[in-house]
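Two complexes follow with chain A in common, the first pairing it with chain B and the second with chain C.
Moving on, here comes the complex of A and B:
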C-alpha cells in the first residue's frame, strides 16, 4: 500500500544523497581506479583491433567510448549490497525501518537510488571531462571519449540513463532484501559482481561477443545497465530501435520492482528480529 | 472499549541448530535441524487509553517479542490483537504512524547527522505538517532539555543525551501510544530520574498510553500503576505492585544495632538472616508475629541502640515471584 504523496521517499533520497556526497576521499580513490582500469581495457581492446583480423560490429573509436562511458558510470552498476542495510540486519536496527509509516520497498528503493547516483555523480563528471576534453588537449585524441552521434542520440541516451538508474535501483533493492536471509551479504557480492560486470557489457562490450550470442545478450536484463544506453549514444541503436531498447529497460525495471515488492512483503512476514 | 486488545497471542520462532565440530558443519550443509522456540504462548490482556503499564519478566521471557508484535514489526504465529482498531501487522503503515517506539539499546537517529536533521527527516517521513512539527518539537526540546544538543552529530552524544533525543524523536509525530523497551538501560541516576519524570508527565498531562518494558524495578515502582509479569511466554500476573505486596506473605526484615555484644542470639518468631558485629538482621512474618512483640522480646534481654523495619524491595518481591513460578531463565 502506498500513501498519497512521495514526501517521505523524497526525504530519505535527499538525506542519503547528501550524506553520500561527503565521502569525497572514496570518490577520489574511485576516480583513480577507474582511470587505471579504463586505460588498461582501452589499450587491450586497441590491441585486438590492430592485430585481430575479421570485422567487429563496432569501430575501435566506438569501443573506446563504450569503455570510458562504462568507467564513468561504473557506480551505477548494481553489483553489491548496501553496507548500511547489511549493518542494519546484523544489529537488528531493521526494526526501526518497519516502524516508519511508509512502504518499506519504496523506502529502500529511494535509499538505493540515492546511494548509486551520489556515488556516480562524484566520479562521472571528472571522468567524462578528462576523457573527452583533456585527452584531446594532451594529444591522446586517439584514446578519447567521442561525442554522441547526434543531438537526438544524446537526448535518447539521457533518457536511457534515467532508465539505468531505475533498473539499477530495482536490482540493488532486490540484493538488499536478500540480506535479510543471508545476514552478511558478502556471498551475494562475490556472485553478483562478476555476473553484472560481464552481462552488462562492462568488461567486454556486448557487441564484441560472437554474433550468435548478440540477441540473447541484448534481451537479458543486465544489458539495460550499460549496453543499451551506450549503443544509443553512438546511434548503433537509433530511432525505433532506440525506443525499443529503452522500452526493454523499462520492462525489466517494472519486472524487478514487482518482484522486489513481492519479496519484501514475504520476507517481512517471516522476519525474526531478536534481542532488545 | 480498550485501546489495545490482545487475545491468545502466540509466537513460535524456528531456529536452525548447528551441529558440533567439522563433521557436524559438513552435515549441516545438507540437512538442518530446526528447533521451535515458543516465545509467547497464549497471551491475552486489554489496555485502556491513558494507562501506564509496565511489562517485566526475566530475560527471554517474551517481553520484546510481545512489544514487537504490538508495534507491527513481527507477525504472531496465532492469536489476535487490535490497537486502536487496527491489526498492527496487517495495517502496519497506518498503525505505526500512530505509535512511538524507543528501543533503549538502539537509536533511531541517523548516526552522522546533527540531531535536528534527524528530527526534520522524521518530520518528512511521518508527514508531520510544519506548523505542528514546530510546536511539538519546541515543547519536547524544552521538556527534555536538549536544545544544546540539536546541532551535534548523534555519534558525539553521551548515552543519556542520546536517549533524551531518541525519546523526542519518537514523539515528534504526536503518537497516542508510546512503547518503551528498556529506556533507562545504562543511564546514570540523574538521567533516570529525569526520564521518569518526563514519562509521567507525558502520561498524566498528554494522556499518552505508555507501555514500558524494563528490568529496572525502580522504573516500575516510580511509574507503573499496573504491571504485567511475563515468564515463559505467559502472563503470570496482571495487577499493581501494591496488590502484589499485599498478597505476598508479610515478609519483613528487622535490623537491630545492639549496644552490646549479643553472641548467638535467637528469638522466637524470627530467624537470623545475617550478623555483622553488633548488627543483626532478623526475618519475620508480620502476620504471625507483630513487630512490636518481637521488639519487646528482644529488649527484655538486651539494650538496643537503633532499629529499623524494612519491607522487601520491589526487586526482592519480583525475584521471589519469578523463583516461585519457575520463571527464571534456564
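Moving on, here comes the complex of A and C:
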C-alpha cells in the first residue's frame, strides 16, 4: 500500500453514503414494515408481561424500548453480503479492486460502513421520532420509546453505537470476503441472517432468555450489535459494566478486523478472476 | 389437457430445474428452516420466562404457529409468479406473451416457479405442529382433522389472495409495491400468536378488513375445543376457513378488472 493517508477511504465512504441516500422509496417501505413488526412484537411482549407469571430482569417499558431501538437501527445488522460485491465476483470486475493503490480490506471496510450507516440513517430518525414523541400524543404512551436513563447513559450509548457501526462493518466485510469462495452471496445470507437475528437480541431481547444462558449470550460477539448498547441506554448496564460492555464490543471488532485483513491478503493472492 | 395437468407439467419443469443444483437446493432449504425456527425458539424462551401468555400455553400457541407457517410455506412456494409480476412481467411487457396463450393468466403465473427452498419453512411448520399435537391432549376426531386441513387450505387461499392483490396493483403502478409485503409477512408474524392477545383495532383489522383471523385464529380455537375468548359462536369456528376462499375469489375478480385495463409497456 502506498502512503495515501485516509483520503481514499474517506472518499469511498462519502461516495457510497450519498449513493445509498438515493433509495428513499425503499427506506419508506422499510419504515412501514418496521413499525408493523415492532408493533406486533411490542403487543406480544406486553401480553407476556401483563398476563403471564414469572419475572424478568428488565421491565416492560425497557423491553419495549429495546424493541423500538432494534427496529430503528435494524439497518446496521451485518446480516447479508453486499450485492454489488457479489456481482463484482461473478463478472470478474473484482480484478479492478486489486489495481487500486489502496489496502483492499480497508477500502471494502469503508464501503461496508457507508452502506450500513446510510441505510440506517434514513430509517432511524423517523422511527425514533414517532415512537418517542408521536406515540405519546396519540395515546399509545404505554408502547412508546422511553428517553435514555440519564445523560451519562446517553453518552455511553452513543459511544457504544459507534462500536456497533465498526463491529458491523468488520463482520460485513468478512462476509463480503467469503464471496470470493462461494461466488454467490445467497448461500451465506440464509445462514448469517438467522444467527444474527437470534444472537444479537432482535428476535427477543437477550435478557429475556433463560437465566442460565445470560453470560454466554453476553460474551458472544453478536451481543455487541444490539444487546449491549440498548441495555446501556436504559442503564441495565451502567458504570463499570457499561465500560466493560463497550470494551467487549471493541475487542470483537479488533479481532474481526484482524481476521478479515488476514483473509483478504490470503484470498487475494490466489484469487481466480471470472469472465474473459 | 386440464388446468391441473398443465399445472403439474409447469411444476415438474420448475422442480427439475432447481434440482440441477442439488447443493444449492439443500443449503437454501436448511437456511430457510433455520431462519424460521429462530422465531419459535424466541417464543419458547418467552414462555420459559413468563410461564404462560394469559390463558394460553406454549403448546396451544405452537398450534397457531405451526398451522399458519405451513399455510404460508405452501402459498409462498406457488406464488412466485405473482410476487415478481410487476418488475418481470408488466415493466418488461412480458405479460403480452401470457395473454396470447389460450390459458388463464393466473394459472400461467402459478406455473412460473415452484420454489422448493420454501420446504424449509414447511418443515419447520410441520415440526412445530407435531410438537403442539403431541403435547396437547386433544380429541382428534374427524371434525378436528377436517378443521385443521380446512384451516391450512383456507390459509393458502387467503395468502395467495393477498399476493394476487399485490400483483394486481402492478397493472396501475407498474412497479410492485413492497409495502404490500407488510401484509403477508406481517400478517403471518402476527398470526403466530393467538389473535386474542392483540389490541382491539388490530384484531378488527385482521377480521373484517383482511380476514386473516378466519384462517389462522378461529379454526384453531375450534380444534382446541375451548370457548373463544373473543366470543365467536361455535358454528362460526367451523365455517371460518371458507372466508379464505372467498377472499381469493375476490382477489381474482380484482385481477380480471386489472387485466382488462392493462396496456402493454413493451415494444
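The rule is simple: the second predicted complex is superposed on the first by the 270 of 276 C-alpha atoms of A that agree within 3 Å, B and C clash if a C-alpha of one lies under 4 Å from a C-alpha of the other, contacts with A are read in each partner's own complex, and residues count from 1 in each chain.
Assume contacts are C-beta pairs under 8 Å (C-beta built on N, C-alpha and C of every residue); 3 or more make two chains touch, one makes a residue touch a chain.
These numbers come from a predicted model, not from an experiment.
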item: Combined model on chain A: chain C and chain B, fit or clash; value: fit
item: Apex chain A: angle to the C-alpha centres of chain B and chain C, given in degrees as a multiple of 10; value: 90
item: First (chain B), second (chain C), both or neither touched by A:44; value: second
item: Partner chain(s) touched by A:52 [first = chain B, second = chain C, both, neither]; value: second
item: Touching partner for A:208 - first (chain B), second (chain C), both, neither; value: second
item: Contacts of A:36 with chain B and chain C, given as first, second, both or neither; value: second
item: Partner chain(s) touched by A:137 [first = chain B, second = chain C, both, neither]; value: neither
item: Which superposed partner A:93 touches (first chain B, second chain C, both, neither); value: first
item: First (chain B), second (chain C), both or neither touched by A:197; value: second
item: Partner chain(s) touched by A:11 [first = chain B, second = chain C, both, neither]; value: first
item: Contacts of A:101 with chain B and chain C, given as first, second, both or neither; value: first
item: Gap in Å between nearest CA atoms once chain C and chain B share a frame through chain A; value: 7
item: Complex contact set, residues of chain B against chain A; value: 13, 64, 68, 71-75, 89, 92-94, 96-97, 99, 101, 103-106, 108, 110, 112-113, 117, 121, 124-127, 181-182, 185
item: Complex contacts: residues of chain C adjacent to chain A; value: 24, 27-28, 30-32, 34-35, 37-39, 41-42, 45-46, 48-55, 177-179, 181-182, 185-186, 189-190, 193, 197-199, 202
item: For the chain A and chain B complex, residues of the former touching the latter; value: 1, 3, 5, 7-8, 10-12, 15, 19, 22, 91-93, 95-96, 98-103, 269-276
item: In the complex with chain C, residue positions of chain A that touch it; value: 26, 29, 32-33, 36-37, 39-40, 43-45, 47-49, 51-54, 56, 186-187, 189-191, 193-194, 197-198, 203-204, 208-210
